[in-house]
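The first chain written gets the first letter, and so on, giving A, B, C, D and E; residue counts start at 1 in each chain.
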């Protein structure tokens, strides 16, 4: 709308920069990290940042920077799996509920309500308890948790769109209902889903770290930021660096996704008006 | 007038919507959007439907394609009752009946190029192969007066009038027999409106199209229609050939309607029939004649007895007790 | 009864968007006489609303009045302080809008909204404000005004809302009423009622009204004089008689020609080719030139001057510059009834 | 009235779903409550006897049946781990969690609304941009990390606060306030960002409405327009969000109670899951869900008070 | 914490409660943390002593028959329950009947498999006869295994605990606090010194150390890295826990059914590194399933039996047919970080001999189910908390023992244990236990890592902390410092 050029989409800009930075870090970590990520050298433990260890070392004497680099792999993996699961299942459920409506919608929505009223972290703990911890299971559990909110967004998108003239027009032309759902409506809901997806990505990182904080998230030897924070927590007062490094990284990553989502929203709103 | 072949006939169409009554009463209110509408459209003619907002024009139009399922009634298209068809068969039938909507931007999927939009009906009805389809789309663009460069562009890159041309082209793509045009020019500026009206007329001539033309603008309807039906609160109150209707309106509502249209002529001094009050709500329609609450000529009988649509002169039907005395 | 109450000269209002300056109104000049109804017609986007908002001092960011003067009873509103403008708004100049439903605050009662106006300008007691509000509602023909005071806008029909809007505008008995498409959203039968009401009010209170519309029929019915706007400019100005009987500007002529008539069936409507340009799109010459069938080569080069006639009429067209002196009396209508068949659109 | 009955019906359906989810998850959850409670050193005979005494050797669906039967009678059952009524356990912790949630909500409301209004008034200024980045950062910091930082700052550096030293309101009002302030802040900060966005956008959106122009057209001052016309209307959608935020807040207490070692509902819930204390988990989850659903219900009612269009429909 | 006027001796103490008691009823309770608190409330016929032995409590004296089958106890004179009622032999009999299931209910303890009968010939004598000789029987008679409860309190043992200990129960709020108060009629008239003991729930180590620092907790275990922070106001007492922290193998599963593989791994694991990483260096290395806290029963020669030696380990693996290593999973519980931390160190070290160890962290409840009960695992890391009975510490390695989670089976070990059970002479028994420990070391059913230490921080205003080889915070002896 009425924005001046200069400040336009700072969100998108900053968000993209942050995420690109971490993406680069991740790509580099596949080929190179300053130290072996899992090499334990107890004699080097709990060092403060130095030239040798830019971000210090952890209580096993492992290099924090290397571990942070490596853990971006985990972060992006978990986030991606969660978002894919959430988007695919959520869109399917929400789309069906929204397009068909009636009692099917009622039942599905009550179920979704129930899922949402259910404390997510508890459900995650339960799912992890059943299937075990580890990167895959954690991602699956969090993916399932993302389904309700995405389903809601998808549903409202489908409801909004199905009453619009272009859908009626497609019907009038004789297009099959399934095609209407997936070829006509979906592309118009996708911008909302895109935003929801990037929020879900941030949410996945948050939730993974919360699970890890409770000791139930991604497990060693896969390094994860939440798990690093969990380890570092007890050294907070003496070695704040130990906790701050992964904590700040995590916050920045999540910030990146939030800003990206807001930026996207601005772009999309902008295009609509 | 030459008796011509009937293309479409609507018999006693009704559409009642369930609306959640206040406080969620046990029986939801029935909103009688369309309450027993019958008319027929002959091949090659244009039937105009006018009426104020909410009187059920769009609902009627959409029911003809079963985009809204009628609550009751029949729709005979070339003798076949469309209401009896399965969804599948109905989808096939839609090739013959197409629709043009009021808001051209809303009725075009914003994420499809004009090319895709125009090709879609051809694909759905399995017409031609890829190259034939593309050829046809190009021809269509030309027909409605658009440049070939429009093919790859998106609807939002066009002006309102151009968009309406695209919508018309899409409706034309499958060579339909009937086009239901629901207020196709209401959203347009006067100068563009004229362009589109002319286009519609030219197309009708060129392809022997039949139109059901819905509008609330009496001037526009007069300009384009051969016959006109006037609706009020879900019913047709008068239906006649355009000339008859405009020159000799029978129903008090039609008379009032025509007389209140502002004329762009400062010297015009026709008498105005000012109606009092508002249109009643369709969910709580008055008893008897729906118009009696505003009718300057209302009689006792009008409050209780529902008038029927009857022929008062040749091909001039009106639903009013003034013309058909109520039998006691 | 006579005397100029509002004089707008060379008003220019622009919006400063990310795509640069959008001159929504680039040259508007007119006078409003006391007690008259001045119509403003033009197609969508030609700057009618922005003109009225400029007069009210309500153009919002990123818009700005960048030139010209608005003289209200001798005072230049473009230079007035915010406080002064607040005093004038609602009290001396009031406004009503196209969509009465959305112009009323959905969460306050009709009564509260009516009385707010009085509270702002006359330090009236609640009781007298209430009495005045009820009177005002009755004056605009609303039955059961007492109860109506407690209603919320959504409980009223469109027509009733528009009456409430009018009552609200009239409650402080302003000298100028700006009505921005007050009947466009209404049905014909309701429109007729509202037009009748406005005529009555104009007569009773001698309020000057600027009546914005794009419906030429409405103009003919209610206005004394008309401005025709195109692309942010007044292209023609005149009494309704001269304008409808002897329009000068090719645009005005085209406009009148392209309206379908309820009284008779035209074989074919005249249509102005092309489409309305967006403000600022045409940088040079007459903005109507690309659509004008009588455009001359220079029309694409020089911006035509605003030619004023002694009787108060005016036109902005190069065609009339030469004949300036001759065409002081009414010209003949029908330049176009005999003009060649319009180009086919396809 | 009918509306309320309908809502009540939906509420019950939602609760039934929730209880089924909990039940199903517990059905497949590995682990035995008695063994978990007593640990690996426990005497096998003792474990067997206790399992029998607690009725845990019956199939879970029968236990579930008993539990539901109890619920209908208004009895939430007996905790396995604490051998005391679930109701007592919950009510013991409720004051803490509720006051935590309430304080967070108050903070959210009193910070986000003024911030949102200020940002909206200065739309697209640098201040608006900074505020937007700032609040997003608040959202991006995981609550436990935020908690850690706050503890580090206020607990260790400034020694203003010591975690885990919760005193009930009844014992020491200021002490309770002090011990809940940081946790409440931790929960509130990300929600401030959410609410702020809605307030800001609401104010901007409502500011462009016709009726706002009407108000200005009447000669109303900026302040009057804002307070009288814009704010009230823009708070209506914010209210719905506040319902969601409250749900988030309630969920947020779970992690935050863990971080700050506060003996509230959240802590009870987590230990009860890990100890497989099915009656407590079922009771708590239903309780939380009930609270959330009821809150949404109240929000709807409040909604109709604020918005006459809904009231009279 | 209470802030009393300066100079006045503090008679009330706040002690950290790490976890809730499982039951207040001592016959039902099992968790060592429960008894850490409840041993102040309840007593058995015997009570533990700091050196690992037992001494008479509710009983005044005991006599054991030659064949080790009959134990005769005399009831302590004038001993009272907290409600003021005198303790009678009926109460004693009631308590044993309740434990063994004689009074109708199901048995609550495996004492039912040892005890034949409990008789009360007169008002001050209790005679217990056993089914078979069981030398550690006396140490089974403390409140941990056989608390003496009041018969008339039968239905309320769990909600209104009544015992004979130095403190009486006041109130318990789950996840909040457990409050005890001085029992004025305690049989040992000198004890206790304090008026009130509050166990305050604080599961989080960091929060606990902050509370200790701020004086909200007077007695609490603190993690090693926090010791310096709390030193100023507190005395630090280091205590061996008599726990055995180990990595156990599933001795039935390939390749761990081959003792050479187990020995090889024992040669790889560097216990010092593990102690450093998981316990910040605060632990004493172990060689077998016994801690130095057990005094004379501890075989100290075994500690350095396996020195880290990669060459030897590789040779052993090669011999066993795993020259190229193999992959394995270490399943650990999530309820404490030390397990996964130790696992990370060990996994890293195992890489050196080509063993690829994955770490699977699961919930405690799942661990108990999968690993402990179903024995569905390859290797796990866990700690066994100590008891005062050396027999019990070793018993889980007997072939048919129900708690033999490692599926260890060795006939030599079994016969040594059988002998020890019958042996009445304490020194003889000690030597048998030492031999059994040696068998365990050699056969390596597990890598015995360490007995970790607890750093107790006790507010300088108090003294009198007594160490026991079991989880027992003896509050009766704590007194104001001046």
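Basically, a residue touches a chain if its C-beta (ideal position, glycine included) is under 8 Å from a C-beta of that chain, and two chains touch if they have at least 3 such contacts.
Just so you know, these numbers come straight off a predicted model, no measurement behind them.
*Asks:* Give me the chains shared as neighbours by chain A and chain C.
*Replies:* Shared contacts of chain A and chain C: B, D.
*Asks:* So, comparing C-alpha centroids, which chain is the farthest one from chain E?
*Replies:* Most remote chain from chain E, centroid-wise, comes out as C.
*Asks:* Using CA atom averages as chain centres, what separation in Å is found between chain B and chain C?
*Replies:* Those two chain centres are 32 Å apart.
*Asks:* Where the CA atoms of chain C average out and where those of chain E average out, how many Å apart are those spots?
*Replies:* 92
*Asks:* Using mean C-alpha positions as chain centres, tell me how far chain A is from chain B in Å, no decimals.
*Replies:* Computed value for the inter-centroid distance: 50 Å.
*Asks:* So how far apart, in whole Å, are chain A and chain E when each is placed at the average of its C-alpha atoms?
*Replies:* It comes to 44 Å between the two C-alpha centres.
*Asks:* Any chance you could list the residues of chain D touching two or more other chains?
*Replies:* In chain D, residues 29-31, 151, 156, 258, 274, 312 touch at least two other chains, as defined above.
*Asks:* Where in chain E do residues touch at least two different other chains?
*Replies:* If we look for residues of chain E contacting two or more partner chains, we find 206, 335, 363, 365-366.
*Asks:* Find every residue in chain A that makes contact with two or more other chains and list them.
*Replies:* In chain A, residues 2-4, 125, 129, 214, 233, 236-237 touch at least two other chains, as defined above.
*Asks:* Where on chain D does chain A make contact in their complex?
*Replies:* That would be residues 10, 13-15, 17-18, 21-22, 25-26, 28-31, 123-124, 126, 129, 132-133, 136-137, 139-145, 148-149, 151-152, 156, 247, 250-251, 254-255, 258, 269-270, 273-274, 281, 285, 288-289, 292-293 of chain D.
*Asks:* Can you list the residues on chain D that touch chain E in the complex?
*Replies:* 29-33, 35-46, 48-50, 52-53, 81-84, 89, 92-93, 151, 155-156, 159, 162-165, 258, 260-261, 263, 267-268, 271, 274-276
*Asks:* Which part of chain E faces chain D closely enough to touch in the complex?
*Replies:* Answer in residue numbers: 20, 22-23, 28-32, 101, 105-110, 112-113, 158-159, 173-176, 201-204, 206-208, 210-211, 213-214, 216, 335, 363-366, 368-370, 372-373, 382, 384-385, 402-403, 405.
*Asks:* Mind listing the chain E positions that touch chain A in their complex?
*Replies:* 205-206, 223, 225-226, 229, 273, 276-277, 334-335, 337, 340-341, 343-345, 347-349, 358-363, 365-366
*Asks:* What residues of chain A sit close enough to touch chain D in their complex?
*Replies:* Residues 2-4, 7, 10-11, 14, 110-111, 113-123, 125-127, 129-130, 202, 206, 209-210, 213-214, 226, 229, 233, 236-237, 240, 243, 247, 250-252, 254-255, 258-259, 262 of chain A touch chain D in their complex.
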